[in-house]
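Order of writing sets the labels: A, B, C and D. Residues in every chain begin at 1.
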Amino acid sequence: MKKIISLILLFIICLGIVFCLQDIPFGAAKTKVGHYYIDNGREETGATNIVTSVVLNYRGFDTLGEVTILFLAAIGLGAVLATLKKKGKRQIEPASLILKTGCRFLFPLILLFGAYIFIHGHLTPGGGFQGGAIIASAFLLVYLGCRERKINEVANKITESIAGLVFIVMGLIGLTVGGHYFLSNFMPKGEINTLFSSGIIPIIYIAIGFKVGSELTGIIDNLMEKS
Amino acid sequence: MEFLSNYIYYIGAFGLIFIGLFIILVKHNLIKVIIGIGILDTGVNLFLIAVGYISKGTAPIFSKAGLDANNMVDPVPQALVLTSIVIGVAILALALSLAIRLYKHYGTLDLRKIKEQRW
Amino acid sequence: MVNPILLIVVPLGLAFALPIVNLISKKIIKYIPVLAFLFNLILSLLLIPKVLEQTIIVKIGGFHPPFGINLFVGPVGILFSTLIALAGFLVSIYALSYIKEGPKEKYHILYLLLLTGATGVVLTGDMFNLFVFFEILCISSYALVAYLGNKAGIESSIKYLIQGSVGSSLLLLGIGLLYGQLGTLNMADIANQINSISSPSIFVPMIFIITGLGIEAAIFPLNAWLPDAHSSAPSSISAILSGIAIEVGLYAVIRVIFTIFNASSFLMFFVFLGVLTLLIGEMSAFSQKNIKRMLAYSSIGQIGLIMFAISLNTQLGISAGFFQMISHTLGKGLLFLSVGFLIYKTGSMKISSFEGIGKKMPITSLLFTIGAFSIVGLPPFAGFASKFMIIKAALTTGQLLFTVLIGVILLGTVIEGAYFFKVIQSIYFKGTTDIIKRDEAPLIALISMSIFVLLIIFIGVYPDFIARILNSAASEFINRIDYIRSVLG
Amino acid sequence: MSLELLLIIAFSGAFLTYLSGKISSQLRDGVAVLISLGLVAIVSFLYNVQTETVFYQGFFGISLILRMNSLAWFFAIAIVSFTALCIIYSLSYMKDCERSNYYYFMMLLINASMLTIVLAGDLVTFFVAWEIMSWSTFLLISYNRNGALQAGIKYIVLSLIGSMCMLVGILSIYTSFGTVNIADVANHLTPSSVGYKLFLLIIFSITFGIKNAIMPLHTWLPDAYAESPSPFSAVLSGMLTRMGVFGFLLIMYVIVGMKTTLHLGRGFLSFNTILCWLGAITIVIPTFIAMLQNDAKKLLAWHGIGQGGYMIVGIAFGTSLGAAGGIFHTLNHATYIVLLFLSVGAIEYSTNGLRDLNSLGGLFKKMPIAFFGGLLGISGLIGVPLTNGFVSKWLIYKTLILGNAPFLAFAALLGTWGTVLSVYKFLHNLFLGQLPEEHKEIKKAPLTMQIPIVILSFTIILFGILPGLPLKVINSIIVAAGFQALDINIWGVTSETGTLNMLNIFAAIAVFGAIFWGIFKVARKSTPVDQYDNYAAGAAVPKNKYHYTVEYYAPFYRMGKPFLKDIFDMFYNRIAEAIGSICDSVRKIYTGYVGSYVMYIVLFIASLIFVQLTWSIF
């Protein structure tokens, strides 16, 4: 009965959306704002990856919010799981030697790859979030492979905080020096398509990379340890 | 057939959205409901990407010279999806942690039995 | 130069810095929210005269509005940000003595972020940015509802989360549909172009957006999370959720309806929905045994009243709605805060357990009583002035329908009065007559609650104090052309 | 002395009393008495002053006005004097009670708010003061705990309904005319339509009818009177309830205006005729219900309702004689009902809270002052010549007879018969008959309780013999309302169809009284016996076996009980229960199952889309 009602209701919503979608033809030419970004993005921000220029410059404030949400998730997760009583030492079956060695071997490589991704965020596909996620996966690998190892929570927290503060401070510097706009790209844009270009974007992306990496690691840590 | 090829992304996106909603509506298990939320999120993200797509377009990255700016897909939805994915992750993480705590309290994840807060 | 962006950035930065501060010293973290919102309060108050003269458009990153994100600091925005900062400041003072257990630094971070999200929602001029800040608001609420980690809190939190995330998905879907049609995310730009597209394809995204925002705003069929969440959260958070969060949600809804979609025909539906919300809320509250649940249902009722007032779509009606929001924030905030210590001392949320507490905690009980009087709308408290204005607004329209609906609303008020007075009777006139040892709430909490009381009485006696800003706020909603012009230039 | 200052003294006095109570209770008593007597002095100095001042403009820019005229002064002096007497009375009555600071604070706050009501020159001030009065009264009604809680809720709910009606009325006036100044409103209202006037009259009548306890709206009153502390019951019945009469005067004769109010409507269905009939019903039924009461205060409470009917009949009948009678009756009623409540209070005080008529009796010798107070009180209530009740009732009867309203007159008379029967029960069961054993040794009522009783007894006689004193003020009130002036002299009223001259009546009664006293003295044959010197069928009656006061009027009780139920009260209770159960079922929609919550959300969207796609109304 409930299923039938649900289906009927969803069908009605579906009809409404179909009516609406008639006005949004699939695969049509770009819309106003997008067009502007593609045309002017390189000159205004100095990034070849237009998505990055949108994420960090045109809509940088959204990204600040986004970073905040991830931070929020990490803190919220901690708050929810904090009062959980830890069970006694969990019986951990040590991993095999091959797995351990593999982990040890892969761990720095993954970190390096993650760093590469977020450092080159303004040039190639990728960026802070992707790179951060890759870094976090390295820590997850350690958790899975070398089970007795733990991350240094204090260091993790400090990284997280400082990375967040860097973002804010960069924005505030923009507010004071760069034409009095928050998050304005006050640094020299450099030569397009080189590593040291596009002003504050790489700096912020590095900060985001660290922040996302440490936050996701924190989440993994919390979920592994407290449950 | 042409219709399908024209609208396949929309159909896929809304298919996911409705599957997600349907799961949330009819399933009793909390984990399944959380999976439903995940599917719903994914559907919305897919829809956003589909909105920005143009036929046979390339990624909006000027990685090498000679790329046609008119043939690039809209970068805005991609930026939005980036944000939306992060939000989805945050919600899922929080939901799972809550599910863990809830299981500790109730010993079940059947939402029909978790009804202490009502009326 | 005072830049309104600091209203968002400073609390955010402090929230990011809090984990480090916690490592240095665990004692000072609880003062950080106080400082942050004191700063916000001062900044907002400084900005008010400037904003009333001319709206401030903050371009973030220096990009011109349709291409970059902008903040729209108009009378409404500054009114709300002042209110948020004020409530945040007072509640954080209260929390100095109230939050004693749990991971405290996480509480303070979440609290800061909750109110930052709220400030962002009211100030932003970009649709997607609205969504982002809305999510900050929602996710921090989910976490804070579960903060105590008890059965009720976790259960309410997960239910809230499920409904909230469905809502946010719908909201994002609506934004996506809108973007697909108009190719822009800036609110003013959307508003500018909205007349160019056909009505069914604008209606569907509007419904999705309104529903998504309406879940947080506790509009009637979407508000099932509210009684659970507000009653299970720590009382300081309940005060913020009831006083700020749902009102910010409602702000977002009406901003969407008025400014973006200009859907005045939809407002007629909202009038009825408002009355329905009010009745459902008050009737559900009527026979509650649990005090916090009762207050939560009463918030639903108040939201209905605000919806009704604003949906009248007149200058007077909208400013009356804002006035009611202010008086609700103050009144309900005070009620939740005072109830927090009543519950703390009796160890139970049952109304019956408060019998005779009037002797044990006379000041806290008095504060509760004043809050209740204000919410019911008795003079000389703020609730009366706002209710006066709402009825005046409804009668000024001269339509018989609104007069009849006002009758229904006043019936709801009578029900509200009945259950509040029952609680007051239990507090003062039930239980033993023996002399009980005084066991008052801590001084710092009493001070913060007393400021609420002073404001309630001051605004109730001298409503003209905020009349100007309310009027400008209402004009901002009525004149959407001005909004568009001031953003797009 | 400006009116603002008067009100500032009144309100700040209340707070000052509360604060001084924190220091010492003697100080508080002193401050309370000082404030209340001071108010009496100030108000009496304001006699014959006519002023109007704007005192505040911060409330949405509305000019809030205080105004003094004869109507306001008449009520103001009554309010402050009765409250002062009750405060003095309370000094010993409330001595050992808990929360006495709170009690005095609320008494003075109610006093101040009533004062503001009568001095209000605009409707917003009126409403604000009205509401302050309502909630502070609620807080004081609930003071006695237990049964008082129910009474308090009943009171405040009805009161809220009333004030919401009034709020709508006031705001409708404000939005129509842009002013709330009573005088201006009266001017603006003259040319407006009959329907609008009728709407205003009805909506305000609900408010004032609830406060004045007109018959279908009276249900809060008996419990509230009975459960309050006695001095407050006195204020409640004497003045607070009669704010309803003030309100009726205001809306009928000041705002809407005398000429339009009378015969607004068609024939029998005119507004004031219906009000008259409601008044008549209010006279008759409660008086007979009162007869069946066994709680002394409840008995008085029902009389309070009944006497309110006389005032309404007098005012609503709409002749100068009637209006004067109604207003005068308000004052007289206050005098004797306050006196009666204070007497009952004295008994309560002496017998540790007993007020059950079945278990008391024979207190005449123990408490002579209370007895004389009670005696004069009931005489006033009945309307025995030489008491003030006689004069006002005479005016009302005369109005009804002259106005060709025999049925109303009969109802008024019937009410008096009922009153005679029931108050005799009151007097007998309290003071006459046998003294129960356990009351042999009772506390003596202290001086501060006796002084108000004596003063009030004196006032009853004074106004009974010299009705011209208050009637002079009343005359100016009715003249201001647009009625013809009455020909008043110090002894009574002159009119073409018959003159009331208390001097003649006084002389006649004095002569007859002297004769009867002489006969009684000369022909006296009785011998006093001890209380327990009783015999039945030759055997000594065991103590406490035959107690005269138990089941007084038992046959009548059996006859009347099926008919004299308070059906309205039952009706309201039924409604309240129904609303309660509806409310209870409404909240069941919050089932606790999150799937259904999401279903609501989806349903909301789907139905809106469905409506839009089908009819496209948005």
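Here is the rule we go by: a residue touches a chain if its C-beta (ideal position, glycine included) is under 8 Å from a C-beta of that chain, and two chains touch if they have at least 3 such contacts.
Keep in mind it's a predicted model, so treat the numbers as computed, not measured.
*Asks:* Which chain's C-alpha centroid is most distant from that of chain D?
*Replies:* Of all the other chains, the one whose centre lies farthest from chain D is A.
*Asks:* Count the touching C-beta pairs: is C-D or B-D ahead?
*Replies:* Ranking C-D and B-D by C-beta contacts puts C-D first.
*Asks:* List the centre-to-centre spacing of chain C and chain D in whole Å, with centres computed as mean CA coordinates.
*Replies:* Distance between chain centres: 43 Å.
*Asks:* In whole angstrom, how far does the Cα centroid of chain B sit from the Cα centroid of chain D?
*Replies:* Once rounded, the distance between the two centres reads 69 Å.
*Asks:* Counting only Cα atoms for the centres, state how far chain A is from chain B in Å.
*Replies:* 17
*Asks:* CA centre of chain A versus CA centre of chain C: separation in Å?
*Replies:* 30
*Asks:* Enumerate the residues of chain A that touch no fewer than two other chains.
*Replies:* Correct list: 2, 6, 10, 13, 16-17, 19, 21, 24, 30-31, 33-34, 37, 59, 62, 65-66, 69, 72-73, 76-77, 80, 84.
*Asks:* Specify, in ascending order, the residues of chain D that touch 2 or more different other chains.
*Replies:* Expected reply: 587, 590, 594-595, 598-599, 602-603, 605, 609, 612-613.
*Asks:* Among the residues of chain C, which ones contact at least 2 other chains?
*Replies:* In chain C, the residues touching two or more other chains are 128, 132, 135, 139, 142-143, 146, 149, 154, 157-159, 162, 166, 177, 179-180, 185, 200, 203-204, 207, 227, 284.
*Asks:* Could you tell me which shape the graph of touching chains takes: line, ring, star, complete or other?
*Replies:* Per interface graph, the chains form a complete graph.
*Asks:* In their complex, what parts of chain A are in touch with chain B?
*Replies:* The contact residues of chain A facing chain B are 2-3, 6-7, 10, 13-14, 17, 21, 24, 26-31, 33-35, 37-39, 41-42, 48-51, 53-55, 59, 62-63, 65-66, 69-70, 72-74, 76-77, 80-81, 84, 123-125, 127, 129, 192-193, 219, 222-223, 226-227.
*Asks:* Which of the residues in chain D end up touching chain C in this complex?
*Replies:* Spelled out, the residues of chain D in touch with chain C are 58-61, 98, 127-128, 131-132, 134-135, 138-139, 142-143, 145, 148-149, 152-153, 156-157, 160-161, 164, 167-168, 171-172, 174-175, 579-580, 582-584, 586-587, 589-590, 594, 596-598, 600-601, 603-605, 608-609, 612-613, 616-618.
*Asks:* Help me check something: in the complex, which residues belonging to chain C touch chain D?
*Replies:* Per the touch definition, chain C meets chain D at residues 158-159, 162-163, 166-167, 170, 199-200, 203-204, 207-208, 211, 215, 221-222, 224-225, 227, 263, 265-266, 269, 280, 283-284, 286-288, 297, 373, 376, 378-380, 384-385, 387-389, 391-392, 395-396, 398, 403, 406-407, 410-411, 413-415, 417-418, 421-422, 424-425, 428-430, 433, 461-465, 467.
*Asks:* Can you check the complex and tell me which residues of chain A touch chain D?
*Replies:* Answer in residue numbers: 2, 5-6, 8-10, 12-13, 15-16, 19.
*Asks:* Which residues of chain B touch chain A in their complex?
*Replies:* The contact residues of chain B facing chain A are 6-7, 9-10, 14, 18, 21-22, 25-26, 50-55, 57, 59-63, 69-70, 72-80, 82-83, 85-87, 89-91, 93-94, 96-98, 100-101, 104.
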